[in-house]
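What follows is a set of structures to go through.
Shared between the two complexes below is chain A, which pairs with chain B and chain C, respectively.
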Partner chain A sequence: MTATGSAPRVNPVYRGRSGQWAFVGHRVSGMLVFLFLLLHIVDVSLINISTELYDEVHALYGNVVLRLFEVGLLFALLFHSFNGIRIVMVDVFPGAVRRERRLLSAVVFLTLAAGIPGGYVIMKPFIDGTLLG
Partner chain B sequence: MDAPETLTVHLRVKRYNPEVDRRPHWQELTVEGLEPTDRVLDVLHRAKWFHDGTLSFRRSCAHGVCGSDAMVVNGANALACQVLLSEVGTDVTVEAIRGLPVIKDLVVDMRPFFAQYRSVLPWLVAGDDPGYRERRQSPEERARFDDTTKCILCAACTTSCPVFWGNSGYVGPAAIVQAHRFLFDSRDEGGADRLDVLNERSGVWRCRTAFNCTNACPRGIKVTSAIQEVKRKIFSDRV
Partner chain C sequence: MTATSSTGERRPAVAGGAPARARRPRQNFETWSWFFMRVSGLVLVFLALVHFALTHIINDVVETDAAFVAERWDNPLWRLFDWSLLALALLHGLNGVRWSIDDYVRSPAWRAGVKAVVYTGSGILFAYGTFTIVTFA
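On to the complex of A and B.
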């Protein structure tokens, strides 16, 4: 029997396993870090125009929204760095290919272990001032 | 004796005829009278034979040897003749493998895939004439490339690769597996020519180790592992 009417909802995403999501995470985090690098080149080069402008723009980084952005940047940098080491290990050591899922678990663990305290330090002025103060 | 329990499968197939349709659409079919030991291919057979004869798909041996019926089954590449209903349940979604042009429904144009296969010189290159004898090798030498002799060229690995989806020029996992089969064969002398092809921009270095190919291979070949061995061979031979 053929059904007619509205189109069924089908998930278009390929059902890959952890390796596929590590690949996607690496691309996305790499792109975020690259975009930040462009922004960073612009904000640092402002010192060529005037020191006051440089100070004004950098004061914006104290803003809560940009602090949250920096926390995201920290996680992206950590994941990209640790996963980069995982990819090199998979390329170089035959044993790492067999253990790639365990290596990815280590990447996620290290990203969280370094990112959560790091994120706390970045957000500390707001946590101390608004939530705990 | 009791009649065996039968299943009713809710089948969703991505239909597309490029000569008529502007874009693909999903067709839903209810297929009855199946058993848990039936395969997705049996569902497609019943759908075509008893419900809609215009449904197109490839299959030849129907027993996991010829590699004709690779398709996306419930979101991941598989051979339809190898997936049992007891594994996937009664909600089955099938679509054509990705990254190759669709000819109709589940039938894709395999010519780009086979062109990539041929590009790695997938045959024995040996200049010497053994005369009225065989070219012998030890069991250890034969075992070195045993895993990659299992490939049936179904394209499940290549069309599961996210790098291949974005760049159809990438030679792809299947071609690298076939190159591996000869690169590590003690009788072969064509390694340098093969490595020239695989060391190009579209060669092995495009592999970003997403492991989809290894998970998709219906023959259980350790595809990523083979690709990494080829990378390391280029590295050790050329650097």
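On to the complex of A and C.
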């Protein structure tokens, strides 16, 4: 066997740690918001066909399953917004990349700090029981 | 640290000395696409979060029925707000999807096919959404 023939198989895996998780989160949240936007164009546009049809379809957004979906949308929007600001900061301020981990912690903290009370407000009719009554 | 060249442009000072007359690189489509994502993203933070707060937090989602939309769209500025959100969010999202397709769809034929479907679908929905906002009476 020659030296070149026995070269070890290398399977390089990029391990970007926190920055890579931020990248994955940004892609996934962005894709979810984009897909919801496409659906949202269709459901709002029903209003031009008939307002009754719009109201009928729109009432679905009030049920528990879709309310949970809206809480998910809120978290996706918040994470994508705050992480997007982090990306702009890293691009613009030379010092930001050195504090990259701390910035990501701030993104996660702000997402939770705004998302949890927001999610509570969205679920409140269900929590109060008025949704079923 | 930045240095100012003879043409007055600011560029990073490089250790070891960059060529004194380094030209600003030509701006191609991808440069503008990067710039658009940063600017539209910052505008969308405001537009999208205000929109979400109005339709899910300040008002409950079940209250945002056809009458609510009619009252809001009585004001052309809200139509402009909603259309700006539609246009910027769709373009921003579409460009993000384009980057993802380029990253994950490696075969040129598949890449062209997936892009054709995504661009056509988004284009139709953009036209349909614009039609809704403009013509609703």
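One rule holds in what follows: the second predicted complex is superposed on the first by the 113 of 133 C-alpha atoms of A that agree within 3 Å, B and C clash if a C-alpha of one lies under 4 Å from a C-alpha of the other, contacts with A are read in each partner's own complex, and residues count from 1 in each chain.
Heads up, the rule we're going with is that contacts are C-beta pairs under 8 Å (C-beta built on N, C-alpha and C of every residue); 3 or more make two chains touch, one makes a residue touch a chain.
Bear in mind that the values here come from a model prediction, so they are computed numbers and not experimental data.
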Chain B versus chain C as contact partner of A:62, first or second or both or neither: second
Of chain C and chain B, partner touching more chain A residues: C
Contacts of A:42 with chain B and chain C, given as first, second, both or neither: second
Partner chain(s) touched by A:97 [first = chain B, second = chain C, both, neither]: first
Which of chain B and chain C A:17 touches, first, second, both or neither: first
Chain B/chain C common contact set on chain A: 87, 91
Contact set on chain C toward chain A in their complex: 38, 41-42, 44-45, 48-49, 52, 56-57, 60-62, 64-66, 69-70, 86, 89-90, 93-94, 96-97, 100, 121-122, 125-126, 128-129, 131-132, 135-136
Interfacial residue positions of chain B with respect to chain A in the complex: 12, 14, 25-30, 51-52, 72, 74-76, 93, 98, 160, 162, 208-212, 214-215, 222, 224-225, 228-229, 231-232
Chain A residues within the chain C interface of the complex: 27, 30-31, 33-34, 37-38, 41-42, 44-45, 47-48, 51-52, 54-55, 58-59, 61-62, 67, 70, 73-74, 77-78, 81, 84-85, 87-88, 91, 118, 121-122, 125
Chain A - residues contacting chain B, complex: 1-3, 7-8, 10-11, 13-20, 22-24, 26, 87, 90-92, 94, 97-98, 100
